[in-house]
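Structure incoming, see below.
To keep things simple, chains are lettered A, B and C as they appear, and every chain counts its residues starting from 1.
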Amino acid sequence: MNDTAVLGRSRAMVTETRHLLFTVSPGAAWIILFLVLPSAYLMGVAFMTNGPYGLPEMPLSLESFRQLAGFGFLGWSPGNLYTLLRSLWQTVVATGLVVVVAYPIAYYITTCRARWRPIMLLLVVVPSWTNQVIRTFGWMNLLAPGTPLSAAAETLGLIAPNMGLYPSNFAVTLGLVYNFLPFMVLPLYAAFEKLDTAQVEAAQDLYATPIKAFWHAVFPQTLPGLLAGVVLVAIPAFGMYVIPELLGGGKALMLGNLVANQFSGGSNWPLGAAGAILMLLATFAGLYAMRRIGKRLGGGEEVVI
Amino acid sequence: MRKRTLKRGLTGFWWLTLVFLYLPLAVVVMFSFNAANSAASMTGFSLRWYHQLFANDQIMSAFGNTLVLALASSLIALAIGCLIGYGMYRHRHRKLGWLIVLIYLPIVLPDIVFGISEMAFFVKLHELTGWFKPGLGTMIIAHVTFQIPFVALIVYSRFVGLDPTLFEAAKDLYATPIKRVVHFMLPTIKPALISAFFLSFTLSVDDFVISFFTSGPESATLPIYIWGAIKKGVSPEINAIATLMIAAVALAAVASLAINRRKA
Amino acid sequence: MTEIPSAQRATQHAGDSSATPADSGEAEHVAQPHGSSQHELSEHGPSEHDRPADGGSERSASSIHMQGLHKRFGNSTVALDGVDLTIQAGEFFTLLGPSGCGKTTLLRILAGLEEADDGRLTIGQRDVTDVPPHQRSVNTVFQSYALFPHLSVRENLAFGLKMRGVDRQQREERVARIAQFIQLGDLIDRRIDQLSGGQRQRIALARALVCEPDVLLLDEPLSALDAGLRSQLQVELLRVQKRLGMTFVFVTHDQDEAMVMSDRIAVLNGGTIQQVGPPRDVYERPVNAFVARFMGHDNLYPISRREGDRVTTELGELVLEPGTAGSDELLLIRPETLDVLPGTQQGANHLHGRVVERLYRGSHAEFRLAVGAATIQATINNRGHRLPEVDDEVTLVVAAEDLVTVAA
């Protein structure tokens, strides 16, 4: 139309862009420099060769991925594959158990008086504010051989004498459930709180049994919260390091331990990096799957991530 | 009739769950007062582990490191995260997908990948530049990295909750850009800044994995010290430190409850 | 530059009526402040030396001149398409139009919250086209009130003064004075979240007035309130403006509100000014079909033939007042200018019709009548006479001087 108008607009654009850069670039630069670059470097390490001191060296190779798949000097061994399967299995079982516990708890909180609800939520959340190592240490104390719980399990014949409930796969599962319970209760509680009771009443009217009414009116409404909870629980559970390390002993390792041990022992960085790539892929695949499911259910935006 | 049974069942389940949630913590607290050096049975009440605790230089230095790390990283993350939160708000109509991905990255990345990436990177940087020696400095950098997103999201959501014409009202009422920040924006988002700071602080104190991989020999924090002690074989001192940390959390919980009450 | 006939006409019109606002403005608004009248708020106060901006001690109302204002959003949406307008000092001026007509954009340009792509804006003697909002002596009452939630009522009122660097003692004096003037009473010590909608509106007004701006802008400040409170606050706003003699620019989409409040109204549509004038002009002599319809008129009929003062429409032949100028495109008959007589009577400007619908409203009744193939609406005051019933054959009579021709 005319030049001054265009000039004025582009001047405003420049000011806005400068503002955007000023506010956003320190944080963005920080994350890029101290997280994106390191992750990229780690991925690079996965394609390098393991040197004599456990540090990555040239030339580039796929040796680390071969090792991750179980091929070593002595031929193929299933150890790493077991670790991977165990990680998946522990994640699935722990997430399932967390749902089973959290669902009634979240519902129960919404049925209580409004003034009690914040306190009840706080009671659920507070244990997770304490350090993970301390919480896990508490379970070690509880499940060790000779403790009342272990003794009870022994008399019931659940475990061999003098073994104790820890270290074991069971202890790891328990630790995971304990650790992630609040992450499931919170989104579920939010979903229950928003529940449209008119729909529930209509359903009670329409369907004869309470189970049908629940399935058709209540459950679909809580699904977005449930999905958000699954994301918050399953993804960090899959990469868990502390709990299997402390409660699992040597026999209940998960992928996180496999990765970490390549670094803390300084034994094989490329192998650890390859494991980290696998973990990243699993994380993003999990996030993507949840988004897809969330979108298909129409509650896409409700899922937190 | 059936409803009441359901409610009673749920109440029972609720109390069971609370026992499940607090039993491990209660055990730690209980054994911290144990007279004997045993994690299996209580033999009597004693404060000896607490006395030992305060005499242990390693624990005292770990406590100092924990505080310095949490305080320094929270303050840096508050400044950077606050800016980025405001930038996200102000430019929310632009296409900022890349920024959202960047901000969520530290949240979704598994701790272990986060920790070892930074460790490997810092080792490499140290090799190349002589800087970034693993220690408190690298730990602060790592903690700031995972705190920034939380601060940014809290500040952003506070801004989104505001009436956008407030910004215009401030301009209209003669506030210069700097006065707008000092007299309008900062006071308005003060509650968000406070909760962002406390969340950052808690996240820092809670963190073990990332601290563990970015720390150096001199910079052990309390969780790292506890970890080492557990790995070496349980010492009842750990119960005492852990109890003090649990007490701090309980105090924070009561405080947050009191703040919520006053708001309501 | 594309041609913008309607805007040019509007400017001419503005020039005409602004020369003699009292002639056409009627007796409804008796106190017509002209030129520079002192603000009452300042007269009360002993101190006048608190305006660092221009250093002058005399506070006077300011006129506003807009020249060729253009504004686009994005690449396609035209918000303002060449607005030329002069608002007199001390005038209660209303920007009226449907949503999206550009009235709010124009107000925001006056406030400095939006920059015009092109054109000039002068407030008082000062060209403020490129002046940022915090350097303009203009204050706004926002539609959402925009009261600062972290501040008390008192701190909200003092905010503008504080930003201008007025010292504490003076701030307190002026806040107390405005609180008394707006009759805030004990509201002054409340928190913002303890206020009702009407109370917030009055605080927002006081917060803008306490700064004693040259011009006060009001962006649909009453639209969020219920009807009763709304008319009460309309009266209060008018009283404040008349006592202060400040220039008020008021934005609304409600033509009734515009007519009650304004000295002059500008009707906007599609980013251009359609008509500027006192309420009676705009209501009784709309220049085009848009203005007529927006002011609530539905009885518009295309003129198929015009010979001198005689026009033919689908209603039949009607006689205009001699010398009626204007366009020959549409004939407007306002419903309240029609008389409804029983039976079939003959005469000039007599139309014969049948009652199709009657809405009884107590003080008056609204009729929909069929005249030949056409429909017409009539409003009749209820003066105790018999009101025609549905299906009655009646005669409609309209005076020649009440007939208006408008452009399409």
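We take it that a contact is a pair of C-beta atoms (placed from the backbone, for glycine too) under 8 Å apart; a residue touches a chain by one contact, two chains touch by 3 or more.
If you're wondering where the values come from, they're calculated on a predicted model, not measured in any experiment.
Chain centres here are means of the Cα atoms, and by that rule the chain farthest away from chain A is C.
The chain closest to the protein's centre is B, with centres computed as averages of CA atoms. Distance between chain B and chain C, defined via averaged C-alpha coordinates, is recorded as 57 Å. The centroid of the Cα atoms in chain A and the matching centroid in chain B are 17 Å apart.
For the pair chain A and chain C, the distance between mean C-alpha positions equals 60 Å. Within chain C, contacts with two or more other chains are made by no residue at all. Contacts from chain B toward chain C in the complex involve residues 162-163, 165-166, 168-176, 179, 183-184, 187-188, 190. Looking at the complex, you find that chain A touches chain B at residues 16, 19-20, 22-24, 26-28, 30-32, 34-39, 41-42, 45, 101, 104-105, 107-108, 111, 118-120, 122-124, 126-127, 129-135, 137-142, 144, 146-147, 178, 181, 210, 235-236, 238-239, 241-242, 246, 256, 259-260, 263-264, 269, 272-273, 276, 279-280, 283, 287, 305. Chain B makes touch with chain A in their complex at residues 2, 7, 10-11, 13-14, 17-18, 20-25, 27-28, 31, 39-40, 80-81, 83-84, 86-88, 90-91, 94, 99, 102-122, 124, 141-142, 144-145, 148, 152, 202, 205-206, 208-209, 213, 222-223, 226-227, 230, 234, 238, 242, 245-246, 249-250, 252-253, 256-257, 260. In the complex of the two chains, the chain C residues touching chain B come out as 111-113, 132-135, 138-140, 142-144, 146-151, 159-160, 162-164, 207-208, 211.
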